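Here is the structure we will look at, set down as structure tokens.
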Amino acid sequence: MLYEVEASLTYDFAAPCEVLLQVEAADGPDQRVVSQALTFWPMMQSAQAEDPTTRQRRTIFQAFGRVNILYRAQVDILAREPDLSTLSAQAIRDLPGDVLPFLRASRYSPSDRMESFADREFGGLTGGRRVTAIVDWILKHVDYRAGVSHSATTAVDTFIDRAGVCRDFSHLLIALCRAADIPARAVSVYAWGLQPPDLHAVAEVYLQGAWRLVDATALAPIEGFVRVATGRDAADIAFMTIFGSATLVEQRFKIDQVA
Amino acid sequence: MLYEVEASLTYDFAAPCEVLLQVEAADGPDQRVVSQALTFWPMMQSAQAEDPTTRQRRTIFQAFGRVNILYRAQVDILAREPDLSTLSAQAIRDLPGDVLPFLRASRYSPSDRMESFADREFGGLTGGRRVTAIVDWILKHVDYRAGVSHSATTAVDTFIDRAGVCRDFSHLLIALCRAADIPARAVSVYAWGLQPPDLHAVAEVYLQGAWRLVDATALAPIEGFVRVATGRDAADIAFMTIFGSATLVEQRFKIDQVA
Amino acid sequence: MLYEVEASLTYDFAAPCEVLLQVEAADGPDQRVVSQALTFWPMMQSAQAEDPTTRQRRTIFQAFGRVNILYRAQVDILAREPDLSTLSAQAIRDLPGDVLPFLRASRYSPSDRMESFADREFGGLTGGRRVTAIVDWILKHVDYRAGVSHSATTAVDTFIDRAGVCRDFSHLLIALCRAADIPARAVSVYAWGLQPPDLHAVAEVYLQGAWRLVDATALAPIEGFVRVATGRDAADIAFMTIFGSATLVEQRFKIDQVA
Amino acid sequence: MLYEVEASLTYDFAAPCEVLLQVEAADGPDQRVVSQALTFWPMMQSAQAEDPTTRQRRTIFQAFGRVNILYRAQVDILAREPDLSTLSAQAIRDLPGDVLPFLRASRYSPSDRMESFADREFGGLTGGRRVTAIVDWILKHVDYRAGVSHSATTAVDTFIDRAGVCRDFSHLLIALCRAADIPARAVSVYAWGLQPPDLHAVAEVYLQGAWRLVDATALAPIEGFVRVATGRDAADIAFMTIFGSATLVEQRFKIDQVA
């Protein structure tokens, strides 16, 4: 299925500064970027940074004043496995080396603190069945509600508060998977069908030889997710990191199916 | 200067399990592994994992009962810059892509929470002068004392407690550097002169085009550090991660200068 | 000096519920309530509760719909000691029994965690000199800024964030005093000269035989504080605790000097 | 039923200091102190402090060197209601004023953070049925295990860790009761049948006009609890608070039924 995505970000910069940008769709085994264009207005210097965990575009804003960043792409989403419950986990020995970091505790997914709960609640389950049980548990025990969490909120906070937004849902899912030695990472996506349209924070788990998208909010179908950035948690996948100061004028994300 | 290091780890395993091991010296621009040997007794299967942030040996213990891991190496430590104060920081645009993750908050170094303090205390300083001011501040304000911190202790806790061990010192140093956009990572080292001998947790900061060792505990000279693992914080550089259970029988680390 | 205070609170109650109210001026050695009136519109049942730490009015709202609470008082503020630096602390043996609870850690002032810092920073000082040194330290190291703290913010958070509002300033001051065995409690006051007019959160310390008002924000003179409620921290001195739900329509606090 | 309790505390004091002591049995509607004796060796000055929440003995150790405190009492425990499930909660308007503080969040029982969970899990239940459901939930979901918690551990930590000791069980129980507007406080008791013998931390809830003992650990029968101190949480009921330094030589608690 072919999708067209668009991000338009307009900011006012009071002084020259640098920005890391992560709005571009990622190529991968289950999605292919057919065409894309990233344009800065006025024109800016930018370079793709080779970050091993995320792929980031490094952009230097040297113009004072208003800057618009426009990203457009056509992306083909290939077959995805919507039902993870039949997939098996892999032994540590069979995990690729670059998957290992996603077994470990991170800033917003301190999985080391959730092992006792995870063992008690999901101890009898493994692999995909465990992941789907975790998703079901989150859906049942956590409310999707804005205003509860803030920028420092971790999976442990969300576990206590029992409420949060997509970012919090993904952090809790990731922490609970890692607590069971299932590699899990944070992913930002354009999500077809999400209302209101926005970049969506979801997760990926490594099952049966591949990273598999999973969304504990159930707000949109994973078949319509265009993957952008991946990382250990929200610290890694921010769509924009400004090293300096800027004022938001407008930001808009869009995704449509192409007939 | 040539050093000889040795790690001897003896554990009892009640059941087959897998282990990630990080005791091997790392090659790098400022140290060269001249010779090394890693032996398991009884013999085990092991494979080097290609983790982009750390380099880990993955070992599968299939034998029941007692296992000894013996690592020995001769490592040549080349010239190191003991005085960081004259080194300059680099603009984000000049940082290699694989350095970028070390700007971000992690499990034990939640740098996002320390920006206000860092700005107030070290705001006028940049680059190496800022790093050395941070080291001086830690030495003056934090006591080296066991029993205060535990496995979940973060840099924020140590900032409050004003006491901790090498792991805590490194986490606080890393958090305060990242809060100023100076890339910083955790490093485990064999430390010549450290009493009692042990693996030591220190940090590296990225200044003037290279990673530079720095130790906020001042317990041993950086010229005698044999670097082992690197990562975002202690979550990444554990010398042994056991996926299952084992009982420690004995562990011993050693480092000597070779005449 | 005579002051006139007024609080007007208007809320919509969707269902009958109970409310604890703390807006009434307190009699005490350094202030005398000359006259006061508390009226509910429409008329409500209310009773003074004898809480040993705070004095609370318990009110039962049985009317559906809009309720206005109007409190007016004339209060005479007697001589106050604006300079605490010459006052001495008392030995534990000389503290009245009802002062002892204010030596202990509470929800928002976890003084047990701040002892190391307090000893290092203010260790050489005692009594009033220590209190004024703490106030000076807070004024110098913490910014008065809204939006940083929220309802769960503790003194430890404010110590990290280095920013907050009056509630946060009082919590940090209280925690640092208790860490030095100086009894300290939270106080709500009508503050003459505060802009914009509002109930203000400050602290009291027990020095030389009496509770002494102290304000780490320096936003208004303590000679113009009309004391309302006292307690261990903000958990005890909320001006309104609603056991049920209500919608704020308008609330307004006023204080004027009477010529 | 008549019980005989004994506490013997031996400490070495390097310098004169003051101590707050809470080892004495409390008179109350459900227990009566028949006879008691508190002796210091060598002889010390001591005075009962009138703390409104706890009743503390204030003792001044002026002797250098070794001090032994010996407390012995015979206490008659009257009828107690072991089954709370049939008792009703009271409206806020019917609570005595001195019960109100025990509705509020405290250092180790931050009930404000547990309201969402409490509503979700126990929302349909009120009064004694809710309390017994909370006790059952804790027994089922939390392991009694030493070494997990430490002096700064709160009910929120225990909720995450799913393990702790009696102090942690009581803090979690208290927090979950307060989150439902059921007054709850911490209590230290001599507990007949507890192995090994020790002061035990339990809780009291205010139901149907009286404080009722409740123990989420189920380690000993409440009919054999001799109540000592009460307070908001462990911060208030420490059996010994030393304002200075001392070295523990030996401490021993005992309780026997008198035939």
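So that you can tell them apart, the chains are marked A, B, C and D in the order they are listed, and the count of residues begins at 1 in each.
The rule we apply is simple: a residue touches a chain if its C-beta (ideal position, glycine included) is under 8 Å from a C-beta of that chain, and two chains touch if they have at least 3 such contacts.
Chain by chain, the UniProt names read as follows: A, B, C, D = Transglutaminase family protein.
None of these values were measured; they are calculated from a predicted model.
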item: Reaching chain D from chain B through chains that touch each other, fewest steps; value: 2
item: Rounded Å distance between chain A and chain B, as computed from the means of their C-alpha atoms; value: 29
item: Between chain A and chain C, centroid-to-centroid distance (C-alpha), Å; value: 44
item: Chain B-chain C separation of Cα centroids, rounded to whole Å; value: 47
item: Interface hub residues of chain B, defined as touching at least two other chains; value: 113
item: Every chain pair meeting the contact rule; value: A-B, A-D, B-C, C-D
item: Complex contact set, residues of chain D against chain C; value: 18, 20, 47-54, 56, 58, 60, 91-93, 95-98, 100-101, 104-107, 110, 112-113, 151-152, 181, 231-232, 235-236, 243
item: For the chain A and chain D complex, residues of the former touching the latter; value: 113-114, 116-117, 120, 141, 143, 156, 159-163
